[in-house]
Amino acid sequence: MDLTSTLGLALENLTSPPVLAFAIGIIAVLLKADLRLPDAAYQAISMYLLLAIGLKGGVALRESSPADIVAPALIAVLLGVLIPIAAFGLLRLLTRLSAVDRGALAAHYGSTSLVTFTAALVFLEAAGIAFEGYVATLLTLLEIPGIIVGLLLARRGQQVRARSSQSPASQRRIDWESLREVLTAKSVLLLVGGLLIGVITGPAGYARTEPFFGALFTGVLTLFLLEMGALAGRRLPDVRTAGPGLLAFAVVFPVIAGCAGVLGGALGGMSPGGAAVLGVLCASASYIAAPAAVRLALPDANPGYYLTASLGITFPFNLIIGIPLYVAIAQAIA
Amino acid sequence: MDLTSTLGLALENLTSPPVLAFAIGIIAVLLKADLRLPDAAYQAISMYLLLAIGLKGGVALRESSPADIVAPALIAVLLGVLIPIAAFGLLRLLTRLSAVDRGALAAHYGSTSLVTFTAALVFLEAAGIAFEGYVATLLTLLEIPGIIVGLLLARRGQQVRARSSQSPASQRRIDWESLREVLTAKSVLLLVGGLLIGVITGPAGYARTEPFFGALFTGVLTLFLLEMGALAGRRLPDVRTAGPGLLAFAVVFPVIAGCAGVLGGALGGMSPGGAAVLGVLCASASYIAAPAAVRLALPDANPGYYLTASLGITFPFNLIIGIPLYVAIAQAIA
Amino acid sequence: MDLTSTLGLALENLTSPPVLAFAIGIIAVLLKADLRLPDAAYQAISMYLLLAIGLKGGVALRESSPADIVAPALIAVLLGVLIPIAAFGLLRLLTRLSAVDRGALAAHYGSTSLVTFTAALVFLEAAGIAFEGYVATLLTLLEIPGIIVGLLLARRGQQVRARSSQSPASQRRIDWESLREVLTAKSVLLLVGGLLIGVITGPAGYARTEPFFGALFTGVLTLFLLEMGALAGRRLPDVRTAGPGLLAFAVVFPVIAGCAGVLGGALGGMSPGGAAVLGVLCASASYIAAPAAVRLALPDANPGYYLTASLGITFPFNLIIGIPLYVAIAQAIA
Amino acid sequence: MHASAEPNATLVTIVTEAVLESRLTRDLTACGARGWTITDARGHGPRNRRASELEGGNIRLETLVTDAVATSIMDVLSREYFPSYAVAAWTSAVTVTRVERYS
Amino acid sequence: MHASAEPNATLVTIVTEAVLESRLTRDLTACGARGWTITDARGHGPRNRRASELEGGNIRLETLVTDAVATSIMDVLSREYFPSYAVAAWTSAVTVTRVERYS
Amino acid sequence: MHASAEPNATLVTIVTEAVLESRLTRDLTACGARGWTITDARGHGPRNRRASELEGGNIRLETLVTDAVATSIMDVLSREYFPSYAVAAWTSAVTVTRVERYS
């Protein structure tokens, strides 16, 4: 794949309504205006996106033979475990953050971002690049493991320190009951639920809901990215205090993890489009499930670090540069 | 109509996105997860469904001659009075509930369920079975009378008992002012309002709103049934305590009332599709207007009985088995 | 343009779903029922309408040459300054209201009403009358200046009075900081943001969001006007206390300002459709931005006057009579 | 005592089922309350028998009244609401500046 | 006295029009308040003249402050808010554990 | 004293991050609270370090308890919540009629 078409992809992405809406959301924050959706609308649209992705993925899944999925699924789970470990290690090199803060960040980068994934699908569809229907399954597989690995890494780090310092806070145990509630949250269930509905109802059943779950998808995402821009924009003032090491991490690590994902997808026999989506999944950092879980399990981790990195830097980076980049890499490899 | 096509109808219903979404909503509750829509989304979608049903019904109503509607309308009102009386009587046979609790249940089964009705329309459209446009009018006619009859039955029962026991609670009068507010609630007005808009604007005016009120309908219903599944699922633990008599009632009575409705529709000269819809209206139990009215007027009635029966048992029963059953019966009769 | 076709326009408007929904909303209030949307839905739909108008306007703006826009834009800003001054003066003739109340009203009539504008676009599209894509730009230009002029008029009036009476309340300075927040509110940003997105993404990018922002538009407006009817209806009881002078103003002034707008549009070289839209913008009175700004800056102004006039009288008047009237005038002039 | 001034009004707080809102405010007006503030709430209590969650959960109503009105409100609650509905209610002593507005 | 301990802070509760939120929090900060909690509310009062319902109803704001700050807040309210806006406000004595956070 | 009667219960009010709701109600139950009322809230405080605004802002929880339970709730808050989370909490003395429901 040559440079011209890569730049073409990048430009097409930059001038798409969802990405432009995201930019408007950020600019609004800089102008001290508030473009946020009401909370209920935010929740309802999230549910719509998850169900729509699941449904469509499920319909496509019917056509995939189980044999095709096994390899990508295993690779995805493996990446879900390795990526937070790699993040934890790289953060030690690049920053002076404590083990707790590094574990918190590892949990975020080990998990995935629904909206980044959604934007990637919309981008691929607009560019006319095919991808496997079962990518929604990979999204589901990748959401939780990375969070748990990140929490365990943080906890191990705390205990090592605690053995010497005997601080009482580090004796506290993780409240798994609360965590369970956070981790079995809506998102996984809606995705799995949508997949099941799609698999069972098939193309005929889906057709009647397509005007809602299909045709509206890009438009709804555009409205939603306005809100995401506002959220990311509110994190920008903290970027200055995050330090150059964390800043570098938040840009470099997605590219590393994204390449790993693309490579894994290609090795697993996926099409260029599918491998690019796996790359996006690996590159993206969670900004919903992980923050809630980390807040409960690692209250001493500083949200100023993990929210700023995942939502303030990595999310815009992936949306604007990352997605076309991983697609270009996938097309070059395949 | 032979068995094969009846089973075909049942299967088509079971594998339709709305019914599958309902099942996912119930399963989520069993897994202790919460798939509920935000309250504002729930309200807004209810309003959308009511207005859309009214509108479409109104456009169709233009084509009906008034003469066609008189018989079905009279039959509907008659059924609206007879069904709660029958329910009150059958409950005396099957259960040992007090007159107040039986009256409360009669109010629920005398009224109708918007979502069951909506699911029936979506089912008929998917199966390509025609029905009269004025069925939305019958929905409007059937919503209130049954509730009032149920309340009066409960009240009479209380007074009979009070004359002997002199309990002060039973002396309390119904607060008709509060009840009026509940019963002239949004639902009737939105239906009637939609009907009027549809009748006046006609097909040409409707066409421009069809992408919103028509094309999205099945998809929105699918999202909505996720929530209804969650609501029904939260009632399931109470089913055990409801007792076998009430359980039997909640399954048997809809079939009886449904057959009465189908028969009434056929006698009134309706098509098989229309008669099936009248059957669904008679078979379904209210879970919005009736509970609110009963809570105000009959505070001593146990919500554990009426909500569990209407929302936990009858609603899923009709959605999954009832609708195709009444359609099959209507096709057999006609 | 002859009378028949003018009446045809009026009738087409009266029987359109949005206007009928508005009527239902008013009737519901008279019946003491409440058809209001949940607040979150109201906010979300407002954002949708603004973004959709901006987007579509932006896409059309690409096709306009800057030269075409300069004259209409200058005329619009001029009207934005002159209209509140004219309103302030006319109110002195027709009523005995204080300078503060007249300034408050001037601010409302100097600004514009998004929903009236939206209804005008939907009306023109239904009637197949073309208009310039850049009218959304004019909406943006007209929203704020009139409010500021109105506030300054009120303030000047207060100071004149204060010099003689020395009342402490009139010494209070306008809280510009709070006002800034109100006036740089969502609406302007969403409109400008939508315009930018539309201009940059162009027809190709817009096409993928059209099922959401385009096809649904009339339907969503219909649902929204139900709520607006409820809001207007709740103002009706106050109409009696407003006095005949204010009543006359609320009907006569829109016609004057509307004619001025149509004329200005025609002079600026706009098509009949475009001139009609500029007429609607001038004729309509704000019911969101202006009330909030006035409440903060002129707390002594009586909301009973400005809300009743703008929302209770002028809004329905424009929706039902004004829009087809200004269109007919524009067609007669051009 | 640490408050800005001696208490001169009574604040009655009532948490109950949302479906009762209009009946309750009518009863409060009858008792002599001239204003109230309502927020939507959810809750859990020792009884927990209630109408459909469909109608939304609870409301939390506060009304600032004189001691006498507070007593009559608590009487009405005890008689008409406690036996049949989900209600929690309490009163506390507060200080207001424009006391004539609340009596 | 039945509370966990003697009152050592003052809770100021203010119910007012939503459109005033940012102005009010600026004024509270100027008076010395270091924190507050806001919930959306609706209400009814003896005056009932207010801006568009479009902007949403009321807010209910609570701020935990020292007695002196409470007095200066009530002064600002009396001077700047009571004459022109829909407001209800009251203070009460409460007990906090980390008293230094609120002074 | 101006309230309808002498205070006979303690009202504990807790404002904290929404993500803690289920953990907090479990802890309250363990302390002996038998009911509570929750409203959604937003706020500002002297610390202001918190999880994603995505999960919604704060909750405001009230629970009517005995003096002893209030003390044990404040202990748990001081030990488990104050060090790591955004919390404001206070207690006040109130009067209830059905005192047995809250003890």
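Order of writing sets the labels: A, B, C, D, E and F. Residues in every chain begin at 1.
We adopt the following convention: a contact is a pair of C-beta atoms (placed from the backbone, for glycine too) under 8 Å apart; a residue touches a chain by one contact, two chains touch by 3 or more.
It should be emphasised that the depicted structure is a prediction, and the values quoted were computed from it without experimental measurement.
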Item to check | Smallest count of steps, each to a touching chain, taking chain A to chain B | outcome: 1
Checklist outcome for this item: Listing by label each chain that touches chain C and chain E gives none
Checklist entry - Same or different: do the copies chain D and chain F touch each other through matching residue numbers, with over half of them shared? => result different
Checklist entry - Hey, how far is the Cα centre of chain B from the one of chain D, in Å? => result 35
Checklist outcome for this item: In whole angstrom, the CA-centroid distance of chain D from chain E equals 19
Next on the checklist: Roughly how far is chain C from chain F, centre to centre by C-alpha average, rounded to an integer in Å?
Outcome noted: 47
Next on the checklist: How many angstrom lie between the centres of chain B and chain C, each centre taken as the mean Cα position?
Outcome noted: 42
Item to check | Where chain E touches two or more other chains at once, by residue number | outcome: 7, 9, 39, 92-93
Checklist outcome for this item: The positions of chain B in contact with two or more other chains are 38-41, 181, 211, 215-216
Item to check | Interchain contacts, given as pairs of chains that touch | outcome: A-B, A-C, A-F, B-C, B-D, C-E, D-E, D-F, E-F
Item to check | Residue ranges of chain F touching chain E (in the complex, touch as defined) | outcome: 6-10, 13, 15, 39-46, 58, 60, 67, 70-71, 74, 77-78, 82, 88-93
Item to check | Footprint of chain C on chain E - complex, ascending | outcome: 17, 19-20, 22-23, 26, 49-56, 80, 83-85
Item to check | Complex interface listing, chain D residues touching chain E | outcome: 1-5, 7, 9, 11, 25, 34-39, 64, 92-98, 101
Item to check | Interface residues, chain C side, partner chain E - complex | outcome: 39, 169, 172, 175, 177-178, 181-182, 231, 234, 287-288, 291-292, 294-296, 299-300, 302-304, 307, 311
Next on the checklist: Touching residues of chain A toward chain B in the complex: what are they?
Outcome noted: 38-41, 43-44, 47-48, 51, 55, 181, 184-186, 189-190, 193, 196-197, 200-202, 205-206, 208-213, 215-216
